[in-house]
Amino acid sequence: MAAIEEKQVIQTDQESIVKIEDLKKYFPIKGGILKRTVGHVKAVDGVTFDIRKGETLGIVGESGSGKSTLGRMILRLLEPTDGEILFQDHDITHLRNKHMRPFRKDMQIIFQDPFASLNTKMSVEQLIEEPLLVQTKLSKKERKEKVKELLEKVGLRASDRLKYPHEFSGGQRQRISIARALAINPKLVIADEAVSALDVSIQAQVLNLMSDLQDEFGLTYLFISHDLSVVKHISDRVGVMYLGRLAEIAPKKNIYEDPLHPYTQALLSSIPDTDVDRERDSVHLDGDLPSPSNPPSGCAFRTRCPMAHERCAEERPELQEVKDGHYVACHLYDE
Amino acid sequence: MLLVLTLFAFLLAACNSESGEDPGAEEDPGTEEQEENNEQEEEEEETEQEGPVEGGSIVGAMDTAPAGVFNPIFYSEAYEANILDFTHEALVSQNNSLEFIPSLAHDWEINEDQTEITLFLEEGVKWHDGEDFTADDVVFTYKSIASPGYTEAGGIRTEYVTPLKGYEAFNAGETEEFEGVTAVDDYTVKFTFAEPNVNPLYYVGFPIIPEHVFADVAIADMPTHEATLNPGKVIGTGPFAFTDMVEREQYVLTRNEDYWKGKPYLEQITWKVVDQSVITSLLETGEIDFVADPNGVPAADYEMVAGYENVEMIEQTDFGYQLMGFKLNYRTKEDVESGAINPDNWEENPDVADQKVRQAIAYAIDRPGLVEGLLYGRGSVINAPIAQQFWAYTEDVPQYEHSTEEAEALLDEAGYVDTNDDGFRENPDGEEWVLELAYPTGNKIRERSAPVIQENLEAVGIKVNLQQPKEMSAYINDIMTKDTNNGVDLYLLGWSLGSGDPDPSGLWNIEAAYNISRWNNPESDELIFKALEAPDAFDQEFRKKTYQEWQELFATDLPAVLLYAQNKIYAFNKRLNGIEPLPYSMINDPHLWWVDDAQ
Amino acid sequence: MSNEPVLQVKDLKTYFYLDDNQVARAVDDVDLTVRAGETVALVGESGSGKSITSLSIMQLINKPGKIVDGEISLLGRNLLDLSDKQMTKVRGNDVAMIFQEPMTALNPVYTVGNQIIEVLRKHKKMSKKQARLRAVELLKLVGFPRAEETIDEYPHQLSGGMRQRAMIAIAISCDPKLLIADEPTTALDVTIQAQILDLMSKMKEQLNMGLLLITHDLGVVAEYADRVLVMYGGQIVETSPKYDLFKGPKHPYTQGLLESLPSVHKELNRLGTIRGTVPPAHKFPTGCRFSSRCPHVMEQCLEKNPDLIDIEPERSVRCYLYTGDEGAKHGGDRRETSHSN
Amino acid sequence: MYKYIIRRILVFIPMLFALSIIVFALAKAAPGDPFTTMLDPNVDRQVYEDRKEALGLNDPVPVQYARWIGKAVQGDFGESIVYNGRPVMDLISARFWNTIYLGLVALFFTIIVAIPIGIYSARNPYSLLDYAATGFGFIGLAIPNFFFGLLAIYFLSIQFGWFPAQGTVSGNEVSGLKEFLDRLHHMFLPGITLGLASTATYMRYMRSEVLDVLGSDYIRTAKAKGMADRNVLYKHTLRNALIPIITLMGFEFGVLVGGAVITERVFNYPGLGTLFLDAIINRDYPIVMALTLILVYSY
């Protein structure tokens, strides 16, 4: 407990590695005879935050909250509709591929399905070597050495390098994905539901591995997940997304112990917990997630919010700092 | 593809042997004699029948559907001719010796300088619709062909009218009257030629169409007029009328009850369009009664069809030949573009320029081998480009019997020797000498002859490059239309010849478009035209002598090696009687055809 | 609330006969009991055999799998003695099942109503009209506010949570005595998961069903189960009332599992882990199936698979760590005791 | 649905237009013209040259195209060159229905054979009949159409005399129901020949579709609901399995019509296929153009 707080203190002094400003991604909906755009899915609808060097920022949200879209935009795997992305103070929002390349080296992503994201025709060595080949000028021998070193780092045997992805279990494949992501010493790693497909015992192994690697290489993580427990475990700060917007972002402790946004509160009370002594919250959210193509006016959460009032329908609450480092987008905390 | 073809051949072979064995398998070893007796009895029965019987119908097969233009002045293909041969008649026809004999004209007179021919028509001849046939129909027919707009409408038979007097003026539309053909009275018609004509009967032998049907039809509309296209509307004087059809499938001919030579025995003749691969089987089952022009029975199937007990076959020499031509000269690009055929501009092809080389090649090719191997012996080797049936044909020319020794000796003599020991001869300058052989797809036998020829020539040290065979249209374009120096030395082609006259000028005079060899031998032109020159040429013996000289010249100078003449193989069911084929057609006096089993 | 057992499974063995003559003993000697009104959780990681167990109860095992031995008594009747035809009268009627993927578990070409009505007509022999009325009632019961309209909608028009509600409506339509829910909320968002689990609990109470809840999520178990069966390698390695299990897990596997779980309410610096991975079902180690991953592995563990032995009333564990005096003592007086909650 | 159709058509027009340019260019790029192969020593070559001039074949290709498309948009595809000026549309319409009927017979044959066998194979995978069906499938795909056609003619027509070998109808004498049956009788052999390859394909499709559906979650649901096997198959499985099959069949019809060329040849069946082949060989551009567009449209 104490150790974690220490870490937080260090972070506040540190500069941002990524800053995003009012970032938006609208996916057009085609319809009608001429396939004209008849509307938009507002997957990400004006999100602002920064990721600080060396921290793990967790992003939680349910399906359709836009968290994965957000991750992909930062990597520029998706073109933002609007807004700004600064990576180490460079505006990379609209960089073309060629100019993007030096930044790509510094950012890596790990996906949920380790099988689908690895080319099954390539051996582990080829898979891990590939980014080295593209991004570095290492000799063949150096590359092979590096591959062995990486494999051992992520808890696999150097001799595994000649095998193919299908010869590994899910957890091992995720380790390969991690090794591949780390090959070129990135500064930022985006983990998009990286442990969601794994069994708990394996999930724990991978989470521990990620923590170790972060310490060793001074990595910054953007950890995207729907699982609040996992996010809590690994993150320093946590952002909660709902329908493409950031509902709340704060240091982990604040989020989990003193959630301010009604959605965060509801989310936390929905999570079943293994602490059989703890008193149950019996208040569970009603209703479904509204469609992102037609979000409610004003506050997107108001349709399910137990505290909703008139103003919530009229005015979209902006993210505001309520406590030190604790931001929330809710009219309950205005003034 | 080769594999598939092989398979296909194998299947046919399998089918053959099976069908051949079937009756044998049922046979008891001891009954053969008995069967023979039976056959004899049957034959006796046949002979017992006294002459032809009226009635019955037969089915003929052709492998491709006619395009559908059933009008003698506009049709263009052999399949349409299969119908028209029954329905339309000309003033004269030809007999077995290719002499002209009376048909719609029972007699004629030719004037002294052979500029006029007067024909006396049969009286009482009726068109299928009952109208009388008169001299006006003859005049109408020839005027139609000569009229302006005829070629624009798609007609190609102008050769019958161009020698006639006043053609130019009439064709240009300058006059309404055509001097060339005039009706003296209802049953007398006179043809007048602009120049003395060596073979006037040929020109008057065009099938006649009815004036009363087409009189009001503009020439441009004639090809698509119902009287050209539709059964029941196509009117001729022939023994059968075209009465019904399922287009592209079957064409029904019904007898002309009032036929002027007498009522035909058969009630109906139906042409069916049947795929080549199925024809022989249907002959055996009796669904088809006869197969005739243009393709008859394939040589490869001869033995099999001959084995059918119910089928009789007729084999006769075709009016045509296959050749391997030498591209002796090329046209210039400019000439090709302008369409000019100007021998003065031609460029010689040095690779085959030496007569000795050409003769050596003729010796090197095993032509009897081709006839045996590819035609199953159903054909003959010929040495001169005139149909063997003609009086003008002669065997008295260099024969080039297959001899590698002769070939090699001639090549050595010409200086084509192997100087670098690669097994192939170099040209006299010691440069590499490769002959490019081009050939078209389509005719399978011809396709298969190409590699055989290559093998024959390489056996005497001539390196031959077989070019990729091209589809006919593209091929003709290469060798004839765009015959610049495009790397073709040898080409394969076949010609079918008309039966009317042996004159070879259309194919071999220097400026003829079809002189694909671009053979430039003034002596040849001299002889060709001498044979057509009046008045000497009025004498057939004179023409014969001249043509023989020309054939000898041809066989010596060799613008082409004549490879073989394929035999025509007709087949018909034995129940069909009265078949007396002409050298050029099986359809002869079909009103005399009859069947045994008529009711 | 009645306490009589609804389902009793004894010595169930379901094996898969693989191509290369190998046998995957996916379910091996499983005993379990579900009583009316009780929620029994079957917990395990992927490959532990929990889903095969549930499908075996339904007799929905496809080739090359086969139930090779055991007894499955539903309301005292051994289902394994029934003919295929008799079994169709049991499924959906006496015992119903809900599956993991609400997105694909409903037939896309039929309306939601059609798929409920079908069951009612089959098992309850209702007329079309009756069945439709009942289907609307059921949809209302599982929380469709516009049930009259929803009944004519197609599955693709519903959200995941709504589809799972529809699945529940189908499952409870014939008042089954036993409801098997195989990972019913794994594919759903947390807020929706809570709704669905609440609904299932409510239905269980109302209908006095036995609920066999199959899940990998220990949080769900902690909140909704009465008793817990932990499966590993095709076998039950520990059974316990919920409270006891989370307070004091006995089997090293259960212990490892709980330690490796991150929690919202606890602060852990580092997660506990279980080394290695679950071996595939045709390559279980001889001896204890957990031996390849167990931190306490002993010599005897490698030789012979331990039996499931009772260590306390209502608690049993399959581990040599408990076969000492204590184990023997408790093992001796094992009997079927009724459980009250 | 109608929106979809309208959209398809709107997209189709420029596509068709672009395609017509390509086809025209290709047709013109092929060496030779309708008269190249008309080699008659008795006919002055100039006659053909005159005809070419008259038909405008010597004009620059863009001019020819403009002339052609100008008429084509008014539904006039010009006149055949080889068939001596007969309107192309007449020639096509005379054969169009023959090919459509043949395609329908082939499709019908495909459906009644492929679907039941596919279902059986899927329900009894690796059974003897499944293996037999697989074998038949390979043979069906491997045997060239013309070869199977010849086999069919030889055995079913010539040896056993069950079916006519050639053509569409016995003659013009019959009419009404008799004519219909006669036509059907004639279409049997070419129909199964044409349908053979697609039957083989669809058998496999059907098998894998049914297997897929049988393995799907909602089938498990249906079984868990206590539905009997028959109900599961007919109600829950087939409807889902047939949806992709029927969609594919829509396209298959175009494929069948396109593939009719060889089959029509062998059975001397006067449809678009034979016409197309002849037109290509003879460089009868107006027919080639019109048919290409029609065939493309039918895909």
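Letters A, B, C and D name the chains as they come in the text, with residue numbers starting at 1 for each one.
Operating definition for what follows: a residue touches a chain if its C-beta (ideal position, glycine included) is under 8 Å from a C-beta of that chain, and two chains touch if they have at least 3 such contacts.
As the structure is a prediction and not an experimental result, all values here were calculated from the model.
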| item | value |
| --- | --- |
| Label of the chain whose CA centroid is most distant from the centroid of chain C | B |
| Chain occupying the middle, per Cα centroid | D |
| CA centroid of chain A to CA centroid of chain D, Å | 54 |
| Distance between chain centroids, defined by C-alpha means - chain B, chain D (Å) | 36 |
| Whole-Å separation of chain centres (CA-atom averages), chain A against chain C | 33 |
| Centroid distance [mean C-alpha coordinates] between chain D and chain C, Å | 55 |
| Residues of chain D defined as touching chain C within the complex | 216-218, 220-229, 235-236, 239-240, 243 |
| Partner chain D, residues of chain B touching it in the complex | 4, 7-8, 11, 15, 65, 67-69, 74, 76, 151-154, 156-159, 223-224, 229, 244-250, 252, 270, 272-275, 277-278, 281-282, 284-285, 339, 470-474, 476-478, 480-481, 495, 497-498, 506-507, 512-514 |
| Of chain C, residues touching chain A in the complex | 45-46, 159-162, 189-195, 197-198, 216-224, 242-243, 246-247, 256-275, 277-278 |
| Chain C residues within the chain D interface of the complex | 58, 60, 84-85, 88-93, 96-97, 99, 101, 104-110, 115, 118-119, 122-123, 167, 170 |
| Chain B partner contacts - residues on chain D that touch it in the complex | 30-33, 36-45, 47-51, 54, 82-87, 94-95, 144, 147, 150-151, 153-154, 158, 161, 165-169, 171-172, 265-268, 270, 274, 281-283 |
